[in-house]
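One chain, chain A, appears in both complexes that follow, with chain B as partner in the first and chain C in the second.
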Partner chain A sequence: MDIKEVKNQKPKVKGGFGDKIGEVIETSSAEFTAQCYKLTEAPPLGSLVKTQDKFGEIYGVVYNVETHSLDPGRRVLARGENMKAEEEIFAANPQLSKLLTTDFRVLLVGHVEGKSIHHYLPPKSASIHSFVYICRLEEVRAFTESLDFLSLIMNARIPVPVDEVAGACIRYTSQAHSDPNAFLIKAGKELAYMLSGEVNRLNSLLKRLK
Partner chain B sequence: MSLDLSKLVGQIVDLAAGIKSKMGERQGKLEFALNTLKSSAADFNALKHKIESSKTTWLVAGLKESMDVRQAAAHCPDDSIVLASDGSHIDVDRHQSARCFLINIGMAQLQYGRNPGAQLISFPSLYFKDEEVAITSTDGRQIPIEGQLLGIKRGIEECHWLVERLNALGADLPVVALLDGSLILWRLAEQDYPDFVVRDLLIDGFLKYLNHLKQLSQRQRLAVASYISYPRSTEVVNLLRLAVCPHVPVDCDRNCSGKFEARDCDVVAGLLDRDLFTWLLSPGQRSAIFSSRSSVVTKYYGANEINFFYIRLDGEVARVEIPLWVAEDEKLVELVHSIILDQCQRGLGYPVALSEAHEQAVVNVADRQQFWGLVEQVLSEDGIYLESSAKSASKRARWI
Partner chain C sequence: MTNRSSEEQTRLGVVVSGSLTRGVDVRLDTSISVEDIAVGRYVAIEGAKRRFFGMITEVSLETADPSVATTPPDVSDPFIADVITGTTIYGKLRVMPMLTIGSDAASILEGPQPAKTVPAHFSSVKLASQRDVEVVFGAEDEKRFYVGTPLDMETKVCLDIAEFVKRSNGVFGKSGTGKTFLTRLLLVGMLQKNTAVSLVFDMHSEYGWEGKTEKGYKVKGLKQLFPSKVAIFTLDEESSKRRKVSTDVVVRIGYNEIEPEDIELLRQTLNLTEVSAQTVYQLAREFGDRKWLETVLNLNEEEGKQLISRLNIHDSTYRNLRRGLENLRRFSFLVPKAHENSVQRILEYLDRGINVILEFGRFDDFAAYILVANLLSRRIHAKYRENAEREMGGEVAPSRPLVITIEEAHRFLNPEFSSQTIFGRIAREMRKYNVTLLVIDQRPSGIDAEIMSQLGTKITCLLDDERDLDSVLTGTSGKSELKSVLSKLETKQQALIFGHAVPMPVVIKTREYGTAESYKELGFLNAVELKKKTEKDIEDLWA
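Let's turn to the complex of A and B:
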């Protein structure tokens, strides 16, 4: 889902939240894993999502999306040799959508208590079965006014390259700002400060901010 | 101590050598059998008369049409529903104090065509009440439901849940309901169960559900069939035994008692029906429809008399069993034939609806342990002291 699509959507849940896209199935202090409600509607890499509990909202950045068999003992098989379009595979094998799942992993980058935004890990991790929402535009804008959350991404130990996740996140969140270009430049300066001793890495990352 | 395979290798090599030496002889028998089939097919009425007047030691298929029929599949309907039911169970464990058993029915409902969709569901049922865990006669005799009888009951419940689901479905699309295994409850007859057991499970159970399906099929285009992969039946081969038998009338006990492997009909001994039809049929074709003349069918099944045909797939020959009311409806037979073929293509050689139903039903070792663990936990939370046998405890805590 593109942030432009988020811009045009009306809230589907009372209270003004964005689209509910999944549910937490594994959780820890620095991240959580959520299962998507729809197999093909996972949030994009680098997008900002949130969960909510009685203490407030927990914000995170999507760093990995996986689609796999629900039963680890069953492998997905190629079925479309004689078909012209991928949609035909699902139409001809309607049980597939019940046997596969899309999960996404989220790196926590902050939390909101009342009107205060904090760019550090929340004291309490997301709860199992919490709903996961795509953040609305105004939430993305408010959360990324300060770029302090970037350090949580750059210092994360995740199986996906952190530079890719950081680049994707900055590109995604820039669209929520009235001047996306200015935001990209601001983010570039912040990265230059963080990676001052790693010129090659910085150069490579800055190229991802276009 | 686990199985010592090194002590088995030599024996397995001997097994392979034995199989290889029989293969040449088998090919000769097969050619003779095929020729006999073709020549016997020409005289349908004579063979039919021979069957009716015979007394054989083997089960011989009933003849309904010429034996050499090779029927191509009709076009599979664009919109259809396939509903499959399969089951598994956790047997009574006499080493546990809680006397109960569990039957888990898995169902797959797959809709194809303009509105494709799937429902994969399971229905676990726990049986623990006195009247549920045993079959009781009117004079108070009790037969506990366990072991083989529980397997039979499970098969009946698979059919029961098909009826429940179809009642709720109300589809206006053609529906084929599939079961795994035979529709003929052989084991009820073979094991000499008392009449009240046969009445409870077969007459008031399985046949009641088949009747219900028959009624449903009068209101909608519905066929029910069971699918047997890699069947070991010999009923049609036994028809050929009858065809080559020189005695009139055919009476095995009177004419050939004690002459094992020296009988005229032993020219086809060792062949299976699937061997015949692998050679006779091309992929996609079905054989003639035959009827089952097994004693349990002739005695109890009535209007649900089980008929069957063989279907040639790319990799194997399968047996499809259908009740009489399906067999006598040409359109329903075409539906069953084309749908099963389509299902096997989608399921890479086995009907996909049945394999998905099986996945919903399966209860593995870990599930079994968890189930008994849960029973223990709930009972102990209720303050119920559990005894279990020392044998069971010794299996759980393995020591040196």
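Let's turn to the complex of A and C:
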């Protein structure tokens, strides 16, 4: 598969590669939470995103996407009992898009200082209110030339199963490479080294890469 | 693999552990499949300060996690198979480092030395290049004879014939594995390099004029290739005539030449009891060393009775002895009195640098073979010994080294007889008197361990009996590793060479022998070329 074909798969990422999709609203050394500008345009699980500030770029992998009510005291109610399509709900209740919000949580996996890419945590966490962009294909390709960042995912303590996030991330980033299959094998081997004592876990993870 | 071996060098993997005595373990790179590797292949290891040369002695499958063996991954999926190959599962080699070359100029000039240490961790391991093999085994020159090529390579492995003939050597292998071909090649080598002269006791008449391959093709013998340097002696003139072999000398042996030791050696083949074999000495004392056999064979019944009562020999012992000795009568080459001294004739030829091949014709049983080989060798050895002693006194020039080739060697060199036969002595005292042995045998375990340990170079085709393997490898370093190589040789055209004449053990595919091209390479000139050469020689002579 070549890059042109990969680009044709754009609909996978709502908003498109390189677009600004949200803003950091909570930040720490190992992760940040960003709020999406549009309710339905969250980045997919495992996608590579970045933020920028004067110190450089910080790269992260989306590990959780959550849509909830803006007001923690008010629960979202089911409204579509008498409607034929889901879209009609939003049409009939235009206020909903203002009362709800989509957040996504991002695991930091590396940063760029000057021109060099480092696959470890940045010295400084992402700035609050910094914009979050979905990485462009060439950025994904450059960042995943080395797969050292996989150990950051595999060793993360997050509420979502790390194997799922790692699998999703590898599948997502493989699309940026000219030979996705070779990339998958390379990543699979990296995982095999990391999980050398856990064959069953490796097996199920490898099945998720296809 | 063929594509890869054509490259200058193929990386196999890295050294991960090991020791000098066990050999080093090499983890195979992901791109190399264990199925492309064969024991006996020859590798080069790039250490930090020196290069090592070694031989693959073991190939094994390893897993990073032992539970893989109980719950194997789904390798029917090519993706999973690709990923786990080289990571979760991988191949491992055991390499025996044998030689090393330092990187400084002095050590390069010095050439390969025996390895006294192992390469450092993670040194990279490559298949040896053609050049490496050349550095180790040397190119073909006036001393070195090309015997074959290493497995999967085209470089020539050369045997240092000058060193080879300085010690007694052995060619071993099961029947049908190519011992005869190999021996013929070695004889050609010695002949071509002119370092020694050979005396071959040719039990099955296959070295002199022509031999046969297993498929039934005829191959030229030494006399056809080098007519002016080889003489064929025969014990059985009729057989030679039937085979249309032009023989140089017909060997006859007189009764007077047979000594009591010869009979003792034949005890088993002549079915003599131990007591009757001892009685022979008594008879020899009575009638004299030169006359006893003829006298005893000519005794009539009455005289026999008188003799046993005079010498106090038991009747059954005498009968047993008599029956055994009567067997000798069927050997037509044994005559009451030989007109010509065969030993003298053989020595004359050997002195002139002409190789002698003694054909046994129809007498290809052990009794005749043991009797004649032992008897002639004893005399010839005595002459050489005399000459060597004179040489020490400064009287004469050293005689040309002699290599005596014997087949079915375990019959002469078994622990029971090796101390009695001349071959046992030649093997032990080595080159002191310029006589060495080329021992050919299919049952090396039958040969006295002391003799086996004295053999300088051993060339071994496939052997699979445990005892034979042990016996061939006695006293060799890395014995168990070589054993695995040896028992996995192919049945044809493959041999392991180790010992004095090669810097390190090497598995070779034996050089081609039997095609017109191979004869040409070995120095055979056909009629037209021979004529041209003669004309040129004459011209040179008168120029």
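Note that in this section the second predicted complex is superposed on the first by the 193 of 210 C-alpha atoms of A that agree within 3 Å, B and C clash if a C-alpha of one lies under 4 Å from a C-alpha of the other, contacts with A are read in each partner's own complex, and residues count from 1 in each chain.
Basically, contacts are C-beta pairs under 8 Å (C-beta built on N, C-alpha and C of every residue); 3 or more make two chains touch, one makes a residue touch a chain.
As the structure is a prediction and not an experimental result, all values here were calculated from the model.
Undergrad: Mind checking chain B and chain C on superposed chain A, clash or fit?
TA: fit
Undergrad: Under the stated touch criterion, which partner chain does A:Leu77 make contact with: chain B (first), chain C (second), both, or neither?
TA: The answer is first: A:Leu77 touches chain B but not chain C.
Undergrad: Could you say whether A:Thr40 touches chain B, chain C, both of them, or neither, answering first, second, both or neither?
TA: A:Thr40 contacts neither chain B nor chain C.
Undergrad: Examine A:Ser29 and indicate which partner it touches, taking first as chain B and second as chain C; both and neither are also allowed.
TA: neither
Undergrad: Is it chain B or chain C that touches the larger share of residues in chain A?
TA: C
Undergrad: Touching A:Ser196 in the superposition: chain B (first), chain C (second), both, neither?
TA: second
Undergrad: Measure off the angle at the C-alpha centre of chain A toward the C-alpha centres of chain B and chain C in the combined model, and quote it in steps of 10°.
TA: 160
Undergrad: Answer with first, second, both or neither: which of chain B and chain C does A:Pro94 touch in the superposed model?
TA: first
Undergrad: Once both structures are overlaid on their shared chain, how near does any Cα of chain B get to a Cα of chain C? Whole angstrom is fine.
TA: For chain B and chain C in the superposition, the minimum C-alpha gap reads 50 Å.
Undergrad: Quick check on the complex: what are the chain A residues that touch chain B?
TA: 71, 74, 77, 90-99
Undergrad: Would you tell me which residues of chain B are touching chain A in their complex?
TA: These residues of chain B touch chain A: 108, 110-112, 116-120, 346, 348, 352, 356, 359.
Undergrad: Per the contact definition, I'd like the list of chain C residues that touch chain A in the complex.
TA: Going through chain C, the ones touching chain A are 30, 64-65, 67-68, 71, 73-74, 77, 79-80, 82-84, 86-88.
Undergrad: Quick one: in the complex, what on chain A touches chain C?
TA: Residue list for chain A touching chain C: 181, 184-185, 188-189, 191-193, 196-200, 202-203, 206-207, 209-210.
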